[in-house]
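Same chain, two partners: subunit A is paired with subunit B first, then with subunit C.
Showing the complex of A and B:
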C-alpha cells in the first residue's frame, strides 16, 4: 500500500498505522506520548500524534473530517497525510502540549527522568515559553508502591502504558486507574505494593517521571551517566540490558531502548534492580542513543539530533 | 396536540401494566412481525420511515441497523441506551417510567430485526426506581410469553436484561456504555472498529436510544411510509422534547417534527410562553452540548425562513447561526439569566464528567471550568475571553469521543453570540460580584 506523508511516499504492508509508516520514512515522525508499539491497545489517548488526512485513499479520496491519531489509524492505499506541513496539525499539537503541561509540576530539576523525558522533548518542540494557566496545579498524595519503584502521580500524563504493562506482562494486575476526568490517577488496589517479576518495566514505558527507579533515585542526572549494552544469562528474561555507568559504578539498569524510546525487550526485576556490578554482566559495546536527547550531546558517538526541516522554517515569533 | 405516537396512551388507566398496555393495542407488532416478516423487511420499514436516532446525533436508525456485521456467527446484541444524563434531557425517563411496555415491545421487534438472542437496556444508576419498573414489566412480558423461548410460537427467542450504570454521563457514549456493560471502567473506545462490527464482547452490536427503539413500534403498526408522512423533509415522525427553564409549562412534549420554534415556546399547548411575561434571551434547543442560540437567531433561520423544530432547520447556518436538535433537551432563558453563569454551569458539568482518557478533554475541561469561574465571580481578565476561545478550540475535534466537542461547543457559542456579557463581566468585576446582577443591554455601563 502506498501512503504519502508530508510529500514523501512509501510502500507499506496492509495494517500499518500512519505512525509506523512515518517511522519507516524516518522523517517528520509525529511525537508519541502514549502509543507504545510493544503494548497492545496502546495509543489514541494523548493526542500528540494527531495528523491530517487530506486524501482518504485511492478508492475514496475524500479527506477525513477531523484530525486523526496517527498511532491508531491504519493507512489505506493512496492515502495522503500531512503532519508538519499542516498548520492545523501544528496548532493542535501546540494545544495538546499546553494541555499536558498545565497541571504538570515541571519539576525537572529534581526529576530523575529529566534528559530522557518525552514531555520535555514535546514541550521543547511544540510548547509555549510561558504558561497561560493561572491556577494552582493539581497535586496527588505520594503513595508507596513498593521498594523498587517510585511513583509520582503528580507528574503523570495518563498514557495508560504502565497499566498495559501490568495487563500484558504480569500474571496479576494490582494497579489501574482510579477516579475520573482530571482527578483520575494511577493507583494500586488499596495501596497495595506492586510486586511481581516484571513490574520494573513500568518505569521504562513511562514517558515522564511519574514512575522512576528507586535504586537510582537522585544518584545522578542521566546525562552524566554512560550507557553501555550488556547481557547476562537470565532465566526469567532475555537478559539484554543497558547499563548506565558513572565511573566504574553501575548506577542503573534499564531495557534497551530504540530510536523511538521504546524498549526492544522487556527485562525482569532481578536484572534491573539487583544486578548492579560489572561482574554480573557481559559487556557488549557503548549504547547508541539516537534520540535527540541531551544524553546524546555528551559524546560524539551518538547520532546528531534530527530536527524537522519544516519546523525549522516556522517563524520564531509566538 | 398534534400527532401522538409515543405518548398517546400516557394517561390511560394502568398503562404501566401489561394488561393495561395490551388494552390500548400494545404488543400488536409481535403478531404482525415475528415469523411473519423477515428481519430484513423490518429493517426496510424502519429505513422507509426515515427514523433518525433520538439520542443526539440523529443518525438514520435503519441505516445503522444495516451496518450490523452479519458475516460472522458471533452473537449480535442490541443495547438500549437509557443512560440519559445530558443536562436538560429527561424524556426517556417519562417513557420508561409511565409506559415501560412500549420500550420492551420496541426491544423485541428491533432485536428480531437484528437477529439478537440477548439484548440489554443500560440505564443510568440514578434511575434505580425506573430499573425496578422495567424489571417488573419484563417479568410480566416473560409471564405472557412475549420474552424467552419461542415467543408466541414464532420460533424466535429473546432474553432481555436491564443493567444499571454507576452514575457517569460518559457511559451514555455508546462505546463507553459497552465497556461499562462488560464490567470495565467506562472509557470510550477508539473507533474504528465501530460497534456494528465489534461491540459488546467483540460481537456485532447496535446501540440505540430509548426513544428510537420505542418509535419502531408505531412505525411497524402504521407502516414506514405512513410514518414518513409525519414531520418535515428528512425529519420524519414525532420527537419527545423535554422543555425546561423560564417557561410557564416545563415538561415533556411529543411534537411533530417541523413545528415552528416560536409556536413551541409561546403556544399554550406546549411551553406556554415565558414565565412572568418576561422577554426571552436565549435557548439551548437540544441539551447542554449544543450551541446556545440568542433570541435573534432562534425564531428565524439566517435566510429569514421561520426556524422549525427539525434536525435540518435547527442546524441551519452551521454553528455560526445555528445549533442542533440533539437529544431534545430544550432549555429556555429569560432576559434575567446570565449567560456567563450558565456557560460556567455547563463547563463544570463536563469537567466533572470527562473520563480523563485523552489530554485535551481531561485538562481542557478543568481549565474552562476554572477560567469561567473567575469571569463569573468577577476575577476575570480581558485576555481570559480569548483564552477561553483558544482552550475550546484546542479541545474541539481533537478528542477520542464527542464529549470533548460537547464541552467546547457551548463555550464557543456563548462567546460567539454573547461576547458582550463576558466583556461586561471582566470590565465591571465589582458589579458581577453581586449575585443578582446580570448584564442588561439598555444600561449605560460607561459610568461604572
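Showing the complex of A and C:
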C-alpha cells in the first residue's frame, strides 16, 4: 500500500497505522504521548499525534472531515497525509499541548524525568511560553504505591500506558484508574501494593514524571549522568539495559530506549533496582543519544570512558 | 617595494630647528601641563575608606535567595551548573522531610551547594538559567585569601539570612534581567 506523508511516499503493508508509516519514513513523525508500539491497544487518548488526511484513498479520494489520530488510523492505498506541512495540524497540536499542560504542575526543576520527558519535548516544540489557565490546578497527595516506584499523580497525563504494561506484561494487575473525569487518578487503592517482578517497567513507559525510580530519586539530574549499554545473565528477563553513570557509580538502570523513546525489551525489577555495581554488568558500548537531547551535553565523545578498562577484563574472567 | 596595505608610516629625517634644539620651549610646555593638573580635581580614591558606586550591571559574588516567608528558593535543579561555562557550581540534592516546609519552598532542596570562586568568571549565566529565582549576582566581591580551599564558597556562605536586615537586595538586578538589559 502506498501512502504519502508530507509529500514523501512509502510502501507499507496493509494494517499499518499512519504513525507507523511516518516512523518508517523517519522524518516528520507526529509526537506521541500515549501510543506505545509495544503495548496492544495503546493510543488514541492524548490527541497529540493528530494529522490531516487530504486524500482518503485511491478509490475514495475525499479528504477526511476532521483531523485524525495517526496512531489509531490505518493507512489506505493512495492515502495522502499532511503532518507538519499543514498549519491546521500545528494549531491543533498547540491546543492539545495546552490542554495536556492544564493540570500538569510544570515542576520540571524538581522532577526526575526532566531531560527525557516526552511532555517537556512536546511543550518545548508546540507549547505556549505562558499558561492561559486561571483556575486552580488539580492536586493529589503523594501516595506510596510500593518500595521501588515513586508516584506523583499530579504530574500524570492519563495516558494509561502503565495500566497496559501491568495488564499485558504481568499476570495480575493491582493498579488502575479510579474515579472518572477530572478526578480520575492512577492508584493502587491499597498502599504499597505494587510488588510484581516486572512492575518497574511502568517507569520506563511513563511519558512524564508521574512514575519515577525511587532508588534514583533526587540523586542527580538526567543530563549529568552518562548512559551506557550493558547486559547480564538474568533468569527472568533479557538483561539488556542502559546504565546511567555518574563518575564510576551506577545511579540508575533503565531499559534500552529506541529512537521513539520506547523500550526495546522490558527488564525485571532485580536488574533495575538491585544491580547497581559495574561488576554485575558486561558493558557493551556508549548509548546512542540524539544530539538534540540535553543528555548528550555530558557525552564527551573524545574522552575515553574510564569504565571501559575494567569491563574489558571482566568477560575474560567469566 | 611598495607596501600592499599602504598603512606603513614613512619616517621623516628632517633636522631640528634652533628653537627645537635648545629643548627649553618643550620643557616649559611639559611643566605647564603638570601645573594645570596640580589644580585639577583628583581622580584617585582612598580605597578602603572611600568606595566607588558600581554600575547597574556589575556582577559580583553570588547570593542564594529566600522567598518572602524565609524559605529557600533553590530546588537543586542543576540548571545553573549545566549553564555554567566554567564548571564552577556543584550541588547535592535532598528530599524535604515533613515539618521542613517553612525552610524549603519545594519538595527537593540543595543540601550542599558550592561555587568555586576561582573558577567562576562572573558571566551571570547561572542567574539567567535559574527557573526558581534563587541565585543572583550581587555587588559584593569575593575577598582575597591565602588558600584555594577558601575560595570554594559553601551554601552557608552564599545563602542570605532570614531576618530582614540580613537580606541582600537584588531588586535592581532582577529588574534588569527581566527586561533583558543585562
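Throughout what follows, the second predicted complex is superposed on the first by the 293 of 318 C-alpha atoms of A that agree within 3 Å, B and C clash if a C-alpha of one lies under 4 Å from a C-alpha of the other, contacts with A are read in each partner's own complex, and residues count from 1 in each chain.
Note that in this section a residue touches a chain if its C-beta (ideal position, glycine included) is under 8 Å from a C-beta of that chain, and two chains touch if they have at least 3 such contacts.
Values in this document were obtained by computation on a predicted structure and should not be read as measured data.
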Could you look at A:103 and tell me whether it touches subunit B, subunit C, both or neither (first, second, both, neither)?
first
Between subunit B and subunit C, more extensive residue contact with subunit A:
B
Is A:59 contacted by the first partner subunit B, the second partner subunit C, both or neither?
neither
Name the contact category of A:217: first (subunit B only), second (subunit C only), both, or neither.
second
Applying the touch criterion given at the start, work out whether A:132 contacts subunit B, subunit C, both or neither, answering first, second, both or neither.
first
Just subunit B (first), just subunit C (second), both, or neither: which does A:235 touch?
neither
Sort out for me which residues of subunit A touch subunit B in the complex.
43-48, 50, 66-67, 69, 72, 92, 95-96, 98-100, 102-103, 132-133, 135, 138, 157-158, 160, 176-177, 179-184
Residues of subunit C touching subunit A in their complex?
75-79, 81-82, 93-95, 106-108, 131-132
Taking the touch rule as given, give the residues of subunit A at its contact with subunit C in the complex, in rising order.
107-110, 114, 217-221, 223-224, 294, 297
Residues of subunit B touching subunit A in their complex?
168, 170, 185, 190, 351-360, 362-367, 370, 387, 390, 393-395, 397-400
